[in-house]
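Both complexes shown next keep chain A, but they swap its partner, so chain B is in the first and chain C is in the second.
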Partner chain A sequence: MSKPKVAFFDFTSCEGCQLAILNLETELLELLDIIDIVEFREAMSEKSDTYDIAVIEGSFSRDKDLKRLTKIRETAGVVIALGACAHIGGINSLRNNQTREDVQRIVYPDNPTLYETNKKALPISGAIKVDAFVPGCPVDVKEFVKVVKNLVLGKAPGLPTYPVCVECKMNENVCVYEYGKTCLGPIVRAGCNAVCTSNGGVCIGCRGLIPNPNINSQKDIMEKYGLNMDLILDSMNLFMTEENKAGQEQAPCSPMPPKEAANG
Partner chain B sequence: MTTVFNKQSTKDAVFDGLEKALGDYKIAAITKKEGKVLFDYVTDVRKIEQEYTPTVLSPKKFFFPQEEVILEYTFDGKVSAKTNPEKIVLFGIRPCDISGMKMLDEAFSESHGDPNYLSKRENSVLIGIDCKSVCDKDAFCYRVNSQNPETGFDIMLHDIGNDYSMTVVSEKGKEFAESYFDSEIFDYAAYAKFNIEKKEAFAKAGGPFEDLDILPEIFEENTNHKIWETEAERCLSCGSCIMVCPTCYCFDVIDELALSMKVGDRLRRWDACMLRSFAEVAGGENFREEVTNRVKHRINRKFNFLMKKHNQAVCIGCGRCVRACLADISPVTIVEELTKTSRALKLEQRNDDLYLPEKVTITKVEKFTDNEKFFEVEFDNGKSLGHEPGQFVQLSILGIGEAAISISSPPSFGSRFEMVVRTVGDVTRKLHTLGKGDNLFIRGPFGHGFDEQIQKKMEGKHILFIAGGIGYVPLRSLINLTLKHPDKYKKISILYGCKTPGDQMFKDELQYISSLGGNIELLETVDIPDDKWLKQSGVITELIPMSKFDHLNTIAIICGPPVMYKFVIQTLKRNKLTTDNMYVSLERRMKCGVGKCGHCQIEDLYVCQCGPVFRFSDIEDKEEAL
Partner chain C sequence: MGETIKIDVNHITRVEGHGDIKIDVENGVVKECKLEIVEAPRFFEAMLKGRHYSEAAIITSRICGICSVGHQLASVRATEDAFGIELTKQNRQLKTLLDMGQYFESHVLHVYFLAVPDFVGAQSVFPLISTHKDVVLSALKLKKLGHDIGDMIAGRLVHPIGIIPGGFTKMPTVEKLEEILQRIKDARGELLNGVALIKTLTLPDFTRETEYISMYRKGEYAFIDGNIFSSDKGEVSYKDYRKVTNEYLVPHSTAKRAKFSRNSYMVGALARFNNNYEWLSDTAKTVAEDIGIKPICYNPYLNTVAQMIELVHIIDECESIIKDMLSSGLKVEAPVKPVLKKCTGVGAVEVPRGILFHEYTFDEKGYITEANCVIPTGQNLQNIEDDMKAIVPAALGNRTREELTLDMEMLVRAYDPCISCSCHLLDVEFINDNKK
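Coming up: the complex of A and B.
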């Protein structure tokens, strides 16, 4: 079996996810047993015109990127969205509830039109079809390896469809609600091993919604624990503006076909 | 028989003993770690905490860990099972958790002994510390009687001041106690005093659930109780309740291949029936899609399904799930509510009028055939029958007797309703002699008809009514109801077969139906045509292909003489319709109509209660059904 060629691309993002992957030295070296990396701007200067798997970091926020994305889609057999920005729009999508003009004025008060930008920052699936994603801000590198491995083996990516609470409880944490804090764990996709709540933080939703979250009950609970509706929405929108907009029927920006949910 | 003996040691002697045991065992006990109070391995026995409320996770994690390797393999097919038990002492477990361990022991031993769990259990010594009073407001061990386990541990310590009084119930425990704990003289009075004080303290909190022993029955009675939905509405499906439960033991099995792609592990990891993905199978079909069903399943496992097997509640009342649930969903609330409903049912449902019929007056009679007459009746007291299509009444003529008769008019027909009666015997023959203005008596409506759920399921579908002979009568109520809003269905086909043209009933109505057009079709056939019959002749099964149904989008509703069902169902099956999309209305001999007399029973079903309308898939395995 010849090794699949993998290329990395970045769009609107902090490049933290790619850096996280570069930091994964041993696993990355082993990963090279099963794939060839042919393009990775963060790590090498080569570029390649052919590749089997495209790993895309960052959200889609400039119209002019569409051309490049379409090209990637045409070239790659499999497109993986890497990290919250690419998967669900991420922090970038926070601005989607404001007008472009307001956003430009707030960010660059002296020269609002310095950079071109769309009205919205969308997940990569807002521009092209995405086959798999690695959630998180930044991504969990072990999970990245797992997704790539599973795809190379021809399996479903194998992301959990259950919420963070499951892992949080397995880690035997006392729920942060008992300390008077609020947490999005019950509606957010696990897979991070509840890293935030296990280390004194709360879940802020960087991995996006689980399929079929009970948003109403989540809001009721946050309200019961003293948050007003504005704060509740703010916290839910930090990463998940686009997911929340799309309605809660299915994990909306999840680009995976239903098959993925079944094999979770 | 379990060995039971008593012993007493000073507390210091117990901890000295543990210190000694550290050389031979790993010791797990309550410690503080990164701000959490939990069971963990200790290296300094003096740091063991003795007072605590239940930990987030129970000690089950030592024997059935969150995740463990159950198999190692190489990609070329070499496999090896994986069990590597170490000798451990688990110190300071609460009575409730011991009851929980006992439950797990049974679950992992029965039929197929689980090697991973059992090997760890065999290598462990369980030392409990008894509770003097109920630990916190969420605990409800005393409601399920789990606070005084008699087995499931090796040694139980009772705090009598300076000393621990001990109950030892196993050889393993005896050996351990003798090797590591120096003895004092056993003070029986102090031991008895501890037990009395414990009993009093727990009694203050309350007694066991009312009807604890018959909770499985109560849960069976209440599968459709509204509390399931009200609780499910709040449930986040977060799985926390399951993760923390000492008696849950579902797991997922996952293959993990090393990056080398040459070797791999098969892991098992805690899973939870509260998670949406739990009952999902390939292709996305989910056998427990609704949250309501998941909540129901979880609580039923504790107080019904598994309780039947273990002869005691499988919830040990540790209260962990109550503490963990952000949505305030608690087994206690559910058990109490269901018990209340069942008690109310038992007492209030005493219905003095059960066998008391009400008077109706015949308002219209029409002769349909030589044997069948149509009757319209009206309640003298002006009430309306309030039935669902498919139900029946017990019609009586005083002095003659009672007969079960289907209600043929659609619901909401004011204080009147319609029936068609064939003369077969005493009651029916007498009825045929009566006319307008005469009185009859009615009990009902009874039975389970085409309820809301079935009617909902019918929406948007092609509805195939298949009626043979008098079978048109029980279906007519539903047929006329659907004809009121034909746009709710993809198509309505009415297939009606009779012996001869003269046996057809409701002729005017049939003519009207055939004139409706649109998505409504009427297909008629007779076995023996006469000169005037221009429609189809032959048996009813020949009409089935003519309705051109799409098996994925069709619901068939069947009623007719007993022989008809077999052939109709065969034909439908041949056309790929699945039996969960077939509904039948069955006729049985009936006497009481209310599930008492036993006449109508098919195996464990009373047709008069669960039927006469059945989803065919629910009864197809019952030999007696057709």
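Coming up: the complex of A and C.
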């Protein structure tokens, strides 16, 4: 059996996830035993008209990108959304809390409509069918390798469905609520090994919600600790503006076996 | 000559982000000479509006995965400036080390993997793996050192976690500092091998006088605090950065441009080298003399060489900072909590690609009411285009279309316009593939 061909593409993003992947060195080598990378604009001049798996970083924020996205969808058997921007809209979707006119006016006051942009920055599932995702900002490279391996083997991506708190506890951190800090750990999907809380930070929700999160209970707990409610609501919008709006039942935040796609 | 040349490079490869080069010469007359930036607009300044001060660095980090350390430093410095938080000696050292970790990652990849292939006539770094294998491997080692410095200080180098306004949420351990110190010492030899390689390259002989803008702080090669320095106008307070950057829009670029005393100016390694040469470490100066580059140097292709000299300086600087931290002893410093008030602050930081500015205005509850970020690559765009406009007419009749295309691509790459390290790390895989 020949190795599946994998192509990387980027849309509205910081390209940090591709960077993170290309830093993984030994794990990438293992991955290359089972796949062939045929296109990676930042990485190589070569391009390919055919590929089996498309890995897409970035949000969908311009209609003119739709044609390219559609072509990718038609070509690839499996489309993977890479990182928070592609998965849930991520930091780009923060601007969806304002109108397009406002954000254009603030950034380009002299000529607000000079550059094309949609009303909202959406996850890739807002433009085309997405088969799987690798969450995070940036992605956890080991998890990326795991998801790709699983998909190549015809299995479900195998992302954890438990919250960051589980990993945080395993790392023996003192709960940041005890320090009066706002943290989204109880409702956000694990898999990052609680990297932020383990480095003195808080969970900012870059990996999106766990399936069926009890958001009301989360708010209750945070209120019980006397935490600033405005900050809590703010932090839930940081990466998850679109996910919060979409509600809990929609596909982007449920565990997705390859064939149950998210659609936008 | 009456030449007619059309050059249209779509999505220049081996640079971070999407840029196109367009050149149109009709009957010997240059009609168009443009560097187009076709990246989607992101609206970060709008996103920041209404956000709490504690989130500013988290948000702006996401402007760029490759430059995330720089954005966090500029963001935190702007917030600290607004609330009047002074840097302690240790805080200053940690921030400088973090910045230097980023320089390792960024400069090493640009010099070794992005620029060098052009100069040795290769399409990418891949062929270098067989011809210059030791150099490639040592570059990977140096890059890893940058990442590990970032991990030590802030949890990771891509979107760091540990740096917040007023200090750090974690501290390096003595053991870790000692380990990094040893690796920095080992890195010096590797870097000097790279210098030897750089010396063998033939760089395009092109000069155009322009203005150089960098950070300036008397007595040091400034990285994380200081004023602005213009090679034309001298020192300008960092608070007055808008007087220097004067941002404006052009239709063919979603990135804003800048100009000060002339039509354009340059920021980045060559600008710092030109403006701050006297504060380079002795080893770095020796290397510069050895290569034969001295200020003020007007050849933009030598930006790559200036980056190499900076790496030598940074090795020395890292070593001296870590030694000082170890001998002074690490102190537990809780991050300073800002006393909230209506205020405005500016953060100016030298990041690998040049001087970066963030400015925030806060309301009395610590929420941002206005934000402004001025990015190094944006400041360089007009200068690149002005170089192109100087190179193309002189090349007509002397260079073929292909040669001229390569000249232009090399020029753009020399400026290191927010380059993605990614390209070249694919090389890791090839090194090992070849071994199999």
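Keep this in mind: the second predicted complex is superposed on the first by the 242 of 264 C-alpha atoms of A that agree within 3 Å, B and C clash if a C-alpha of one lies under 4 Å from a C-alpha of the other, contacts with A are read in each partner's own complex, and residues count from 1 in each chain.
What we mean here is this: a residue touches a chain if its C-beta (ideal position, glycine included) is under 8 Å from a C-beta of that chain, and two chains touch if they have at least 3 such contacts.
These numbers come from a predicted model, not from an experiment.
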Superposition on chain A - do chain B and chain C clash or fit: fit
Looking at A:P211, would you say it contacts chain B, chain C, both, or neither? Reply first, second, both or neither. first
Once the structures are superposed on A, label A:K149 by its partner contacts, choosing first (chain B), second (chain C), both or neither. first
First (chain B), second (chain C), both or neither: which does A:E30 touch? first
Kindly classify A:M170 by the partners it touches after superposition: chain B alone (first), chain C alone (second), both, or neither? first
Who wins on chain A residues touched, chain B or chain C? C
Using the touch definition from the top, say if A:E74 reaches chain B (first), chain C (second), both or neither. neither
Per the contact definition in the header, classify A:D49: touching chain B only (first), chain C only (second), both, or neither. neither
Does chain B (first) or chain C (second) touch A:G201, or do both, or does neither? second
Determine the nearest approach in Å between the Cα atoms of chain B and those of chain C after overlaying the two structures. 9
Of the residues on chain A, which ones does chain B touch that chain C also touches? none
Can you name the residues of chain A that touch chain B in the complex? 27, 30-31, 33-34, 145, 149, 153, 161-163, 165-166, 168-170, 172-175, 177, 185-187, 210-214, 217-218, 220-221, 258-259, 261-264
Sort out for me which residues of chain A touch chain C in the complex. 11-23, 25, 28-29, 32, 37, 40-45, 61-62, 65, 90-92, 94-95, 97-98, 102-104, 106-108, 110-111, 114-115, 117, 137-138, 195-196, 198-201, 204, 231, 234-235, 238
Mind pulling up the chain B residues that touch chain A in the complex? 36, 38, 55-57, 66-67, 233-240, 243-244, 257, 259-261, 270, 272, 275-277, 280-284, 291, 324, 326-327
Residues of chain C defined as touching chain A within the complex: 11, 13-14, 16-17, 40-47, 49-52, 54-55, 58-59, 62-66, 68, 123-124, 140, 147, 154-156, 158-159, 161-162, 168-170, 248-249, 251, 254, 420-426, 428-429, 432-433
